[in-house]
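In what comes next, chain A is part of two complexes: it sits with chain B in the first one and with chain C in the second one.
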Partner chain A sequence: MRGAGLRLRSAGAWRVLLRPGDWAVALAGLAVCAASGLWLWRGGEADGVIVRAAGKVFAQASLSHPRRIDVPGPLGMTVIEIEPGRARVASDPGPRQYCVRQGWLARAGAVAICAPNEVSLTLTGRGADYDSLNY
Partner chain B sequence: MRAVGAAFALLLCCGAWLFAGCDRERVFQREGYVFGTRVDVSVYADDPKLADAAIADVLREFDRLHNAYHAWKPSELTALNEALASGQSFEASPELAEMLRDAQRLFEIGAGLFDPSVGAAVELWGFHSDAFEPARPDPEALAALKAAPPRVNDVVIENGRVSSRNPAVKIDLGGYAKGYALDRAAALLKGRGIQNALINVGGNIMALGSKGGQPWRVGIQHPRQSGVLATMPLYDGEAIGTSGDYQRYFELDGVRYAHLLDPRTLEPSHGTQALTVLVGNRPRGGVLSDVASKPAYLAGEGWREQTRHFGIEHALRVAGDGRVEVTRALRARLAFSEPVKASVVD
Partner chain C sequence: MARCAAAAIVLSVAEAAIPLPLPGVKPGLANIVILVVLARWGWREAAWVSLLRVFAASLLLGQFLAPGFFLSLAGALASLLALAGTSRLPEKWFGPVSHSIFAAFAHIGAQLALARLWLVPHDGVFYLLPLFCAAAVLFGLINGLAAAALLRELLQKKGSPPAATMP
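Up next, the complex of A and B:
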């Protein structure tokens, strides 16, 4: 503050510089921070799915509306079911059914793999906190 | 001047925000199906053409390995196994001969708990098949095999000719090839000038470089839930592998039979749900990430000793009853998804 021509004598004296409108601006700023935190962070929540068949993207969909996706593969049809906020492999022609038994997936980054029919279901989202899954 | 400064700062902020968004755009990913599982390769690069060409190279290499070392569809490996079963010797490719020598070395390090010669038992247990029938093996056939148990050091390799002192030896590279594929992929990508990539071969993962300066992150699958147990960064050259009872198994009369057989008993083991090892940046790190989890998985409560044999300090075990045990070094890296009471071991 050198050269500003003003010296603040006690620790709380800066408050005299604030006008009522300034408080309103500061409060509004805090509110925006809190709101964007809630809006954007949503830790790990999924917002969409990517369905791949034989390694290529077959469908991309949002998790906001219920939907059924039939995905053809070498063994037959894998059926993906989407509900608001979650998705699952509803049925698959593979022999071991591991991807069906995984049930509903809801977190960004979660994957169900129906290897025999070469179909994968991946949940996407801003909060995905990993790039690949070790199993 | 202040206004200009503020405008400049604002512009910088927006730029940083935009670039943060761009990061995801610069990750190029493709997946494929080999070794009966999914592979996926992510490359972080500026040039999409370079990334695509490099990934295509890697997927072609995976196809080659799949075709050369398939355990039950006609391949160089099935030809070798037919020769060994009939007491003949076999002229192996230099690559296969080297893999077998490496497997013998790893068999010794793992005190016999890593043994790729038990293919006949894996077949008897029904895991060598595209079909699926939950059943225990024919007791007589299994007893006959146990009477003359195959060991990978029954295999003799001389000048590229491979023979076996025990005709029951049937090589199955199921616990080796995925890791080998990681090492091959890393070499191919580097040869193509790719510095930053994440390679996943059926759950075994290796990282190269980073993702725009941020480390790659991997999730470790929970063995009994659909989500992840924990996440962690994976740094340049590191590889992670898990042996578990939840990927290939069948249930019969309430008992879970997993595909990993104990070479000592030729039976599935039951004490562990999942055993994860993290291998640092070292030569053949991919192979080690695949191989070193097997003996520790099979060793039950003796898992920590087994990981030490391989010089591994980062390991995690989910025991048969769901208890989580983790080494001190790995604990420091893990972020558990839900509060977990993990006991830390040295």
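Up next, the complex of A and C:
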């Protein structure tokens, strides 16, 4: 070994045990960690919505542009509001307003259902392996 | 060689007594011995020590042929393959720390692949990948440093680098 003969007892002497390539390998390892973290843990970000009326797909839209969708149902008009990255049921003619009170949905797999008016709002995205109902 | 294998086995049994926050994240202290063997005697000897350790430690811990044994074996084989590659790297630039980190990554890679194929047939296991990666870097670094320090001590005891190299 091409050691400088330094004893390891002194503080910081461990640094001589690392060769230049070792630093590079350790940094590359950290980079792999960070990349895999970003790649795998960013999941759950929604990128689109599916609006269903009476069980059939009524509209599909991306979450990148603000938009309002009026969905007719047996009780009247349900209004879906889309903003960049999130969506909500803005108003619904149903009696209990559960879907409206869910507020903004932003995670892939999140679902708001306005059962009386037979309208549902589902957020889609990569890594949506469960939906908020089954979960 | 047998002494090295014994040391590796003792380290893996001792390690089993350390409580760990996450299943699967282990320091892998026995690999210090394997790194030393690799540097001093070569890859074949390191492979012997590594596989002997996997079998003997699993027998001692009552894990033989249990899932943990196969995970351990897969990790050891992948690490040995990685070491076969890294031991060809120029020695001037890459020391035991590099070998250790590469082997640690191979280890978690093989274990995750086996776990995904056999134990947890669901992509959820990959959710833990960043954690395992961080553990691989951390413990790979620590084990590599320990191996490098041991090698240095061994060399000094034998006096192979003459004392004249002292600054």
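Keep in mind that, in the parts below, the second predicted complex is superposed on the first by the 91 of 135 C-alpha atoms of A that agree within 3 Å, B and C clash if a C-alpha of one lies under 4 Å from a C-alpha of the other, contacts with A are read in each partner's own complex, and residues count from 1 in each chain.
Going forward, a contact is a pair of C-beta atoms (placed from the backbone, for glycine too) under 8 Å apart; a residue touches a chain by one contact, two chains touch by 3 or more.
Here the structure is a predicted model, which means the values were calculated and not measured.
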{"item": "Contacts of A:Leu30 with chain B and chain C, given as first, second, both or neither", "value": "second"}
{"item": "Contacts of A:Arg52 with chain B and chain C, given as first, second, both or neither", "value": "first"}
{"item": "Chain B versus chain C as contact partner of A:Gly103, first or second or both or neither", "value": "first"}
{"item": "First (chain B), second (chain C), both or neither touched by A:Asp92", "value": "neither"}
{"item": "Which superposed partner A:Pro20 touches (first chain B, second chain C, both, neither)", "value": "second"}
{"item": "Shared contact residues on chain A - chain B and chain C", "value": "129"}
{"item": "Chain A - residues contacting chain C, complex", "value": "1-6, 8, 14, 17-22, 25-26, 29-30, 32-33, 36-37, 40-41, 129"}
{"item": "In the complex with chain A, residue positions of chain B that touch it", "value": "27, 30-33, 36-38, 40, 42, 59, 130-132, 198, 200, 203-205, 211, 216-221, 226-228, 231, 240-242, 244, 246-248, 250, 276, 335"}
{"item": "Chain C residues touching chain A - in the complex, by the definition given at the top", "value": "89-90, 92-98, 101-102, 105, 123-124, 126-127, 129-130, 133-134, 136-137, 140-141, 144-145, 148-149, 151-153, 155-156, 161, 163, 165-167"}
{"item": "Chain B contact footprint on chain A (complex, rising order)", "value": "52, 54-55, 95-96, 98, 102-105, 107, 109-110, 112-113, 115-116, 118, 120, 129-135"}
